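Please find the structures below.
In what comes next, chain A is part of two complexes: it sits with chain B in the first one and with chain C in the second one.
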Partner chain A sequence: MKQGYWILAVLLSHWRRHPLQLMTLMVGLISATALWSGVEALNQQARASYDRAAAVFGGSRTAMLVGQRSSSFSQQLFVDLRRAGWRVSPVVEGRVRVQGRPLRLLGIEPVTFPAQAGSIPAVGAPDLKSFITPPGEALVAPETLTALAGTEGAALRTDDGESLPPLKVHARLAPDVVVVDIGLAQSILHLQGRLSRLLVGNTRSRLPPLETVAGDMLRYVEADAGTDLEHLTDSFHLNLSAFGLLSFLVGLFIVYSAIGLAFEQRMPMFRTLRACGVSSRQLNGVLLIELLVLAIAGGLIGLACGYLIAAGLLPDVAASLQGLYGAQVSGALALRPEWWGAGLAMSAIGTLAASATSLLKVIRLPVLAAAQPYAWRQSQRRWLGWQGVTAAAMLLAAIIVLTLGDSLISGFAVLALLLLGAALALPVLLALVLRIGERSSRRPLVVWFWADSRQQLPALSLALMALLLALAVNVGVGTMVESFSKTFTAWLDGRLAADVYVNAMSEAEARDIEASLRARQEVTAILPSGRAEIEIGGRPVEILGLADHATYRDRWPLLESRPNAWGDLKSGEAAFVSEQLARRLKRRPGDRLDVGTPTGDWSLRIAAIYADYGNPKGQIAVNIDAFTTRFPDLPRTRLGLRVSPGKIAPLIDDMRKAFHLDESRLSNQSTLKMESKVIFNRTFAVTAALNTFTLGVAGVALLTSLLTLSHSRLPQLAPLWALGVTRRQLAGIEFLKTIFIAFITAMLALPLGLLVAWCLIAVVNVRAFGWRLPFHVFPLHLAELVVVAMLASLLAMLIPLLRLMRMPPAALIRIFSNER
Partner chain B sequence: MVDISSTTDEAAMHIPQAAMLAIQSLTKTYCSAQEQIAVLRGVCVHVSAGESVALTGESGSGKSTLLHLIAGLDEADGGSIRIDDTEVIALADRDRAAIRRDRIGLVFQQFNLIPSLTVADNLAFQSRIAGRHDSHWQNELVDRLGLGNLLKRYPEQLSGGQQQRVAIGRALAVRPSLLLADEPTGNLDEATADDVTDIALDLVKRTGCAFLMATHSTRLAAKLDRKVRLSAGRIA
Partner chain C sequence: MSASPKISRRAFATGLAFFGFGRSASLAQNFAGLGGDASGFASVMPGKSFEFPRDHGPHPDYRVEWWYLTANLRDSTGNALGVQWTLFRQAIQPGPQREGWANQHVWMGHAAVTRADTHRYGETFARGGVGQSGVDAHPFHAWIDSWQMRGLDRMSAMNVAPLEVNASHEEFSYALRLEADKALVLQGEAGYSVKSERGQASYYYSQPHFTAAGIVTIDGRSANVTGQAWMDREWSSQPLAPDQTGWDWFSLHLETGEKLMLYRLRRTRGEPYLTGNWIGSDGQSVALSPKTAEMIPTATTDVAGRRLPTGWRIIIQDRGMTIDTVPLNPESWMGTRVSYWEGPVSFTGTHRGVGYLEMTGY
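Take a look at the complex of A and B:
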């Protein structure tokens, strides 16, 4: 034990004497752990929120009965089912606004509430009385209470003037949900005698068939069927995880480089330790402990930084998830012990993986082997050939996986193989370029320039690989985001073709609104529309009813269509299908699609495929008249309006006054577009932030490599100085060399980045979301990144160059006489 | 008392009873790509406690290999090496390391100090890992080696002679039974070499350990009790 302590003290003394190396290692470990754990914290937070949401609704986790034709049904059905032995519990659901904040009001009946439906609404026996007897209680999550600036016990009013019972905090409730007794909810939502759903409890007894009790009024929804947030958001989280892992990988490049150098510098020390009687097993054991100590120290700091990153990005992620999927993610970051454990484990595993080759060398170290500093770099040259072969094999594997695979995981595998293959190929390509340069030179200093650059390459290659990866991913993701941005704006103009959207409370109100609008000259077109939820292939699909009008014909974002597609649509026998649904069902224009409707199966010919970016559900569009025929019970409450320019705002004001329509029922196209763009920007703000972090880590990798290299290269530079090359000249040559190598790396990163962008657009996005974007190249963005890479290299070079220029001649003399 | 045997087995039978180091018929062959090179061809050497022996011979004669085999740094092909009645050749790496740590002091031409430790820590290192650190003895060594005002310095801040004195101090701090020195003065000027050798011999006498020193210098070899000459892997 005591021996181990002294050996560890000796090993750690190296870091005390080489603080820069320790800093490099820690920077690598911290950035790797921080970025990975930051992303994981975001994913964990989101998943915890989904769990809370699922528990609240009792929905995705519990089987339920919902209205077959409308969103609510008679309470009598509940009574009939209970009498028939069905263990059902009623729920009323609706939306209210309190202090302008939209809240989901949930009315439950705690006595019949099934135990497996989640703990949230299961009001315990002691609380039962206060919950169901007047004035009752309004259960809210802590976040909701804070958002409403309320206190427990305070009774709030909805913006419509309805009274809510006193607030009570329930920690496991989802944000923006209010749970009250069902009677109160029916009263507040004006749904007396109506229910939104019936939760179905487990029962062992044989039940009479649903149809015999409820006729065709109710539909049975299996547990975990329907809209499952976790399933819908999987792709989003997978993308985040992929970024986290990429950043982790780039961080590990630094760790690998720092540990490799430290081990190499300590080889003579290891030999001395062995000569002093330290056994190989002891030495390796203590080295392992040293690495784990460093990994845990770096991991802990990394976790703290990861927390800060996650806290910084959480608002954008929450907004993206809310905007894209309607998922509520709590804004306050709560981290579980598993997160800390996983972060430390990743740090330890990463450190051990990065130091595996170095450890192996020490294990195999013959105690008498002459320890030549930087011999590992020499031996790395021998591996250059193998590296080239491995790179070629990986690129070949990428092509095979691309051809054969069709899952999202295989899409990411293609990306990973492409990036790793290219990174491994980089030193081989650079060596080739430098060899060509060397062979085509005559002047001695120029020949030395090329030869020395080649000698420097093994030591720099890891940092350059990190730079290549970071740049390529930046180009790839940047190109994808820009392509999306360019496409998205045009697509939004097409999809939000009407100027104003109205959703009346009832069909009668819709008729009144329509009549009043016909009298207004500024309204150039009234376009009725419809929307229903159906299932195709067990997955939720939206079905839209569109009016036959030039507004849609001219703008609807069709990607592929049959001749006379709009004519076919008007006939009611054809449908337009969203791209993601068409891909999922493997259908093309001309194919047929069967849709289940309340009036029976509807066989439609696919007339066109249209873009529906960002929608996780499938969607089909049909003619509005055909839609109304097939969904006769759905009230026609939706209208799109074309309005003369400049007259939109007064029209909306007039309608608000006349029909008391709030924002959710009367929307301005420009507001919707702005909101969509905000969601879009926030979604990619997370990507952009992670992108910048990755590039930053790559810059640090380059800086640390150059710093450590600058020290070890002095014996190579001292003779040149002794032969008459000034320190300034030497610094100039070093500058040129590094800039040249970094420039070549950046140049190689551009085509690789475009390939990554293509993979993201044509492979990953298609498999993750079901839609494919047009591929655009943005030369200005590419040029910008090359400049950033050059600036990063320049900054990384600054300290080593200044150090060289200011090095006292005495130091160079000592190096020249002692270290050659 | 010294007994240097010939390379014959008969001669090898005359082993002094008090031999701290007893080597018999030691062989070592290195394999290169083209050929096998026999570095040691049946070497027999005995060194008693308190005795100092100079191992001389031309470059490539096998001096360093012999010292490495005695220290258990390398493995012999045949023969026997007994240190204080322990057969080194039969030991596993772990046990050889323990012998080196507890009973052997090693001094190299290249000093092999630990660059990240101060002089004081370098001196104490081996005795600490052997669990035999004696601060009185270390202070005595510091005084005798003249390292008193260098204790907080790092090896890179010392001259060659100073570094070698630290290396000798480190080797003797554990109070070894056997001190092995491989060309310890090879990097030093004549005066410093004399000084370092005198100090080493003085300390060897005081500790009573056996001392085997490989050297090219006949002048330094003459300072020791006895000379053994290796030539082409055999005792000449």
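Take a look at the complex of A and C:
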């Protein structure tokens, strides 16, 4: 034990003598852990919020029945439907104010609440009893409890004087929602005997038609007609995760190079320790402990930094998710124990992985062999050959996996193989370029310049690989995001072609609205539309009815079409199919598609394929008249309006007054579009921030490599100085060399980055979501990145260069005489 | 205590299961909490005079109550099948019934069909007070959702017949018409059924004399069926002793026209409490002497991760009876929130016939 302590003390003395090396190692560990855990914290926060939202909505995942004519309907309909075999559960909903704070009050019935609708009803036996028997309970999220300055068990009053049951925290609820038993909610909201909606549980039973039980009082709303948060936000989180993992890898490169150097420099020390009688097992054990201590220390600081990063980015992330997908993400970062555990584990495992080769070398260290510091660099030439072979094998494997695999996992494997293969190939390619430079030079100093660059290459290669990866992924992800942004804008214009959308309560009201609109000059077109849910291949598919109008003809985002596609659509014989569905069914324009409808099978020819980004469900579009013939029972309540520019706002005001249409039934597309774009920009703000972070980490990698090199390179520079090259000249040569190497790396990163972007767009996205974005190259973005990379290298060079320029001649003489 | 989450109608009777809404831990707590405390509810006392049709209806002063029907049927090709229809009522708080959603009764329906190779079941729940579920004594009507048991015109209150009963779930449905030419039977001592030496008891009567005919559809295939059926009615506030862990319960139709109701209550320590009634072909019900009856497991089946005694030898010395029962389908597991084994059996030996076996708390 005591011996172990002394060994550790000896080992640690190295770090005391090389604080810069220790700092390098810590920077690597901290940046690896910080970015990874920061992103992870954001993802966890978002996912937890979706679960909570799903628990409350109980609507996005569950089909619903809602009032056809008004926002509430008689409770007797619930009983009638249950008695007819419908597995429905009642919900009453309204707004209340407590202490001036607006809250959403939900009344649920836990005994019939469908299991798939969320977590609220999973009230255990004692909970159920206290929930449904007087005085009942008001379930709220922890944030809401804090905001109301209440304690559990406190009974609050609404600002209207109604008393709420005692508060109880339910961690999985969304903020600003209060859940109480249905009877209590009815009395608080003055809706005795009334319901807001009925949740429809999953069932395979044959049910009597809704109309035979409820007449035309209720309308069926398919599950998921709005959004499925998890599906929709997948791409967003994928993006974040990719960045987190990348930063982690780049950080590990730094750790790898720092540990490699430290082990090499300590070889004589290890040999001496072994010669003093320390067993190999003891030495390795202590080395392992040393590494773990460093990993945990670095990991803890990294986690703290990760928390700060996550907290800093959360407002932007939350705003993007809220705006893009309507997903409420709670603003207070809640960290779970798993997060801490996973962060430390990642740090420890990463450190061990990065030091595996070095450790193995120590294990095999012969006691009597002369320790040869820097031997690793001398044998690098052999390594270079091996690395080249490995790189080629990896790139070949990437091509094989790309052609053979068709799963998402294989898509990611292609990406990983491509990046690793390219990173390994980098030193080989750089060596090649430098050799060509050397061959084509005559002047001695220039030849030395090339030769010295090559000599320096092995030591720099890890940092350069990190730079290459960071740049390539930046290019790749940047290109994907910009492509998406560009496509999204055009696509939004196409899909939200009408100026105003109306969804009437009933067919009669829709006809009234239509009649009143016909009288108005500024309404240039009234476009009825329809929507129904069908099944194709056992999976739900939306079917849209589109009016035959220039609005759609000019703007609908067709990807591929047959000649006269719109004409075919009008005939009712043809359909447009969304890209996701076409891919899933492996159909192309010209193929046939059979659709089951209430009036029998409908055989359609596929006239075109259109983009439907972000929709997890398949979709087909047909002509509205043909749609109405095939789905005669569906009320025609949806209208799209084209309105003369500038007349939209007054029209909406008038309609709102005349027909009491709220925002969910009457929407102005230009506002919606503008909001979407603002939100998209915020999303990219997050991506840009993460991009900068990764590039920063790569810069740090370069800096640390140059710093550790600058010491060991002096013996090579001293003779030149002795031959008459000034320190200023030497510094200039060093500067040119590094900039040149970094520049070549950046230039290699550009094609690699575009390849990564192609992989993301054409392989990963397609396999993950079923749609493919058009591939755009953004030269300005690429140029910008090269400049940033150059600046990062410049910054990294600054300290070593200044040090060289200011080195006293005496020091150089000493090195010259010592080393020769 | 591990038995507590797997309890059924008899254990449900203590109010401890609360329809399985909780997890095992909370059930275990409930076992200690609710099992011993029935205060506020009416007590079951000997010497009650039953009154029909009033007693076909609910008894809200008592904590728990059920309407329970099992039928042993055959289709037109002679294949045996079984049908179960059950409605449970439980009060979660004592006191007069409150109106609307404030009503403190919770209802649970179970339905099942069993063939030699298939067992399908379904369950549903309802709150009292709004009409989703309930029971009217006259005209007799018990319902939950679309499942119901209804007295037909001119229903005899003493025979509880004619009745129609139906239920449907995702994979099955059935509709039966029940007739009876004999009157219902009071179980235990004139309807007072003792469940332990410590005096836990319930009010208990049965109509074991039903003949049944109707249609059973399983997985889309319909069959015309005929056979016999047995209805149990029981209510109590605390019929189980705290140390009783489960039941093995038989209702048997003998080919002679006689009926046997027999069960044993297992407990954590000591001998099971065994009791039953012999119902003669004249309809006379006589309580069995526990000392003369024996129930011995002879075969076990592993189902739903449990080992259950699905084969039994039943010996009743007074009646010269020694029979061996075999299940129609040994995997008749009711994987409902409150889970148990319930399925048709047939028996041979000194007597032959069919019946139903229910096993809880395994």
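The rule we apply is simple: the second predicted complex is superposed on the first by the 582 of 820 C-alpha atoms of A that agree within 3 Å, B and C clash if a C-alpha of one lies under 4 Å from a C-alpha of the other, contacts with A are read in each partner's own complex, and residues count from 1 in each chain.
The rule we apply is simple: a residue touches a chain if its C-beta (ideal position, glycine included) is under 8 Å from a C-beta of that chain, and two chains touch if they have at least 3 such contacts.
No experiment lies behind these values; they were computed from the predicted model shown.
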For A:Arg274 in the superposed arrangement: first (chain B), second (chain C), both or neither? first
Return first, second, both or neither, reflecting whether A:Gln186 touches chain B, chain C, both chains, or no partner chain. second
Is A:Ser257 contacted by the first partner chain B, the second partner chain C, both or neither? neither
Classify the contacts of A:Thr158 with the two partner chains as first (chain B alone), second (chain C alone), both, or neither. neither
Please indicate which partner A:Thr133 is in contact with in the superposed arrangement: first for chain B, second for chain C, both, or neither. second
Taking the superposition as given, does A:Ile7 touch the first partner, chain B, the second, chain C, both, or neither? first
Examine A:Gln282 and indicate which partner it touches, taking first as chain B and second as chain C; both and neither are also allowed. first
For chain A, what residues appear in both contact lists, the one with chain B and the one with chain C? none
In the complex, chain A residues that touch chain B: 2-3, 6-7, 10, 13-14, 16-18, 268-269, 271-282, 367-368
Which chain A residues qualify as touching chain C in the complex? 75-76, 78-79, 82-85, 87, 109, 111-112, 123-129, 132-134, 181-184, 186, 193, 203-205
List of chain C residues in touch with chain A within their complex: 17-18, 21-23, 26-27, 29-30, 92-93, 100-102, 104, 106, 124-127, 130-132, 143, 145-146, 168-171
Interface residues, chain B side, partner chain A - complex: 68, 71, 73-74, 93-94, 97-102, 104, 106, 108, 112-117, 121, 125-126, 128-131, 154, 170
